[in-house]
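Each structure below appears as structure tokens.
Both of the next two complexes hold subunit A, though its partner changes from subunit B to subunit C.
Here is the complex of A and B:
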């Protein structure tokens, strides 16, 4: 088995459909959504709320698979000199957590009326887990990707509350607890592994910012009413993000969302 | 009510634990080091394979089992300093080159159509060997002096047997045709040859005999 596994080789059964990230972002259907189907905060009042929630749920599902695969590759790709044993233990623990989230997501998807393969899968989440430097990989996955997961799960949890769907709220709340733990792991390892190498820490944080900008998708995630996924400040603080860091993510997302001619999908 | 001041044996009548056991401190540490090594190689391989298998139930099973073996490795890591081994990394190694060759062969398959080969190696060859070696350790070591190892073995064996059963059931559901039966058998035969040459996960003596028996009484 190779060390380092490219996103295009991720193994899937026949139900899955792969889409290129750039095609998804440039999909003209997202740019010319008719009135009433405009992207915005995910609330039950949105005319397309059920469809948007199912689409987001499917996105969570494939995201969990990729997070599981990414954590697994970190366990395998690095030898003991590159990644301390304790870090690999944390990543193995994360494998278990993401495996549970995958299972939860399949059942929640069925509960919400979608099925495996109804929506296309892009692999940009896994791509964040392909960096050859374990510190940058961990920062990309455990702070940017898992940070996004905090925002997404909190958004879905609140949507479940607003809809009066106790199953959705219950499941999202449990997954949210795990994601806060994963971000804390990432923050801890970033600090420990770069204690004597501020340059490497700086590069890792810059990589995180690049990934975070990608995850904000020109308004997909932010604090404005047009953002389907809301930045979860309280849970991010619990996970070890500083206010300045959260402000930067919010500011980057706001700047990105103001680009014309594009509306966020979902 | 019984007289509280009446002398009682420190061992209940049903407590049949005895002294001594077959293992010295050094022998127990040697074996624990090999256990840590194989658990590490296994959890790394399971983690790496997650991305390579298309079957969703296998993907999540590997993710779950990956953590089980990582936790076993952690238990063995923690046990080594308690066995007077202050540089655990010195002991965490393969017992011989043959077991290294076995692990290299075990972890070789990558292609998505090789799920059967991946699972056969783990669930029909390695896990039965681990269960055997751990069960032998449980039976051979002193249940009094080596109590902490016994406790870890109990947790680990519970995991191993549960995971083995789950992996075997998944394999049975994947092996459907004559050709797949033959593939599984070929793979099992090849890996059995290699692990037999190695003498098991702790080398010769994994299930008793040399070198464990030769150590009996060595420390006294």
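Here is the complex of A and C:
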């Protein structure tokens, strides 16, 4: 079995259709979106709330598959010299969580009236899990990607709460608890693996910052009212993020959202 | 039926004005919009969002559609025949209701509450599914309805009455909305 599997070769059945992230970013319609016509925070007050929530739920579903694939690759791609066995055991446990999340997400999709593959899938989450350095990959997956998962799950949990959907609120709350654990795991391993190599830790955190900027995606995630996904500060703190780190993510997201051609995927 | 589409040519999305006009005429006939009505479909290809509305003035109808409403959710900027049929079916059933004196006198689309939108959409798409013999997304419409009317057995029963209903009136829809 080959190592460092490329995103374009990920296995999907014929219900799925792949979209390229660059096509979304370069969509010529982006330039025409007027100020004030952004998708906005995901709340029941949005006229397109149901559609936006279904679309985000489908994004979570494919994100869970990619998180499973990313954590799974880490178990296989590195030998014990590159990554300690205990780290890979943690990744294997995480795979179990991600597989369960995938099943929950499919059922939540059905609950909301969505079919598997109804929306196109981009693979930018998995692409963050392809770094050949296990420490950088760990930060990409367990701090950036899983950190985004904390933000998304909390956003969906609050949406479920606000519109009185008990199933959505309950499921998101349980998955959110797992994501906090995954990020905590990433924070702990990053500290342990780079204890005697501050330069590597710095490179890992810089890589994480690059990935986080990509995930904030011109305002997709942030603290402004026009960001569909809100930065979940409390849960991030529980997961081992420092306030300065969260401030940096928020500031980067704010800067990025001001760029022309903004378009949230939801 | 006279159907026109604006713009005549699209540059940002892979849509075809002739195809949209043909679909609009077909769906309008299917849902019972009177033959002498003229329909203008105004597509904003610059918008990836899916907002739609219909304006009725005398025997003229103007459908205002953001491009995202006709777009394939799996393929960026590509037209979806099935999606367009559903969007047009929903809009044109509303138009047909507005032309039906027995239906009553609903407010203009812009003045409808979100709860009224969800209820009338359920009634339109339930009929469209039966008339066209297609899956018009009962599950996703039920979810949209629940967001506006509550996640309760009573709301589900109201949705079922709308989805499976026929010959309902604006007053029936308002009753569902608690008006």
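FYI, the second predicted complex is superposed on the first by the 255 of 266 C-alpha atoms of A that agree within 3 Å, B and C clash if a C-alpha of one lies under 4 Å from a C-alpha of the other, contacts with A are read in each partner's own complex, and residues count from 1 in each chain.
The working rule: a residue touches a chain if its C-beta (ideal position, glycine included) is under 8 Å from a C-beta of that chain, and two chains touch if they have at least 3 such contacts.
Remember, predicted model here, so these are calculated numbers, not experimental data.
When both complexes are superposed on subunit A, subunit B and subunit C fit side by side without a clash. By the document's definition of touching, neither partner reaches A:188: not subunit B, not subunit C.
In the superposition on chain A, A:23 makes contact with subunit C only, not with subunit B. Using the contact criterion defined above for the overlaid structures, shared-chain residue A:164 touches subunit C, although it does not reach subunit B.
Of the two partner chains placed around the shared chain by superposition, subunit C is the only one that A:112 touches, whereas subunit B remains out of contact. In the superposed pair of complexes, A:102 makes contact with subunit B only, with no contact to subunit C.
Rounded to the nearest 10, the angle at the Cα centre of subunit A between the centres of subunit B and subunit C is 120 degrees. Here the smallest spacing between CA atoms of subunit B and those of subunit C, following superposition, is 18 Å.
Only residues 17, 19, 23-24, 27-29, 32-33, 37, 39, 44, 47-51, 53-55, 110-114, 117-120, 163-167, 263 of subunit A touch subunit C when the two sit together in their complex. On the side of subunit B, the complex with subunit A involves touching residues 40, 43-56, 59-64, 66-67, 69-71, 73-74, 77, 107-110, 112. Residues of subunit A that touch subunit B in their complex: 1-2, 5, 9-13, 65, 68-69, 71-77, 85, 88-89, 91-93, 95-96, 98-100, 102-103, 106, 116, 126. Touching subunit A in their complex are the following residues of subunit C: 12-13, 45-51, 67, 73-77, 114, 117, 137-144, 146-147, 150-151.
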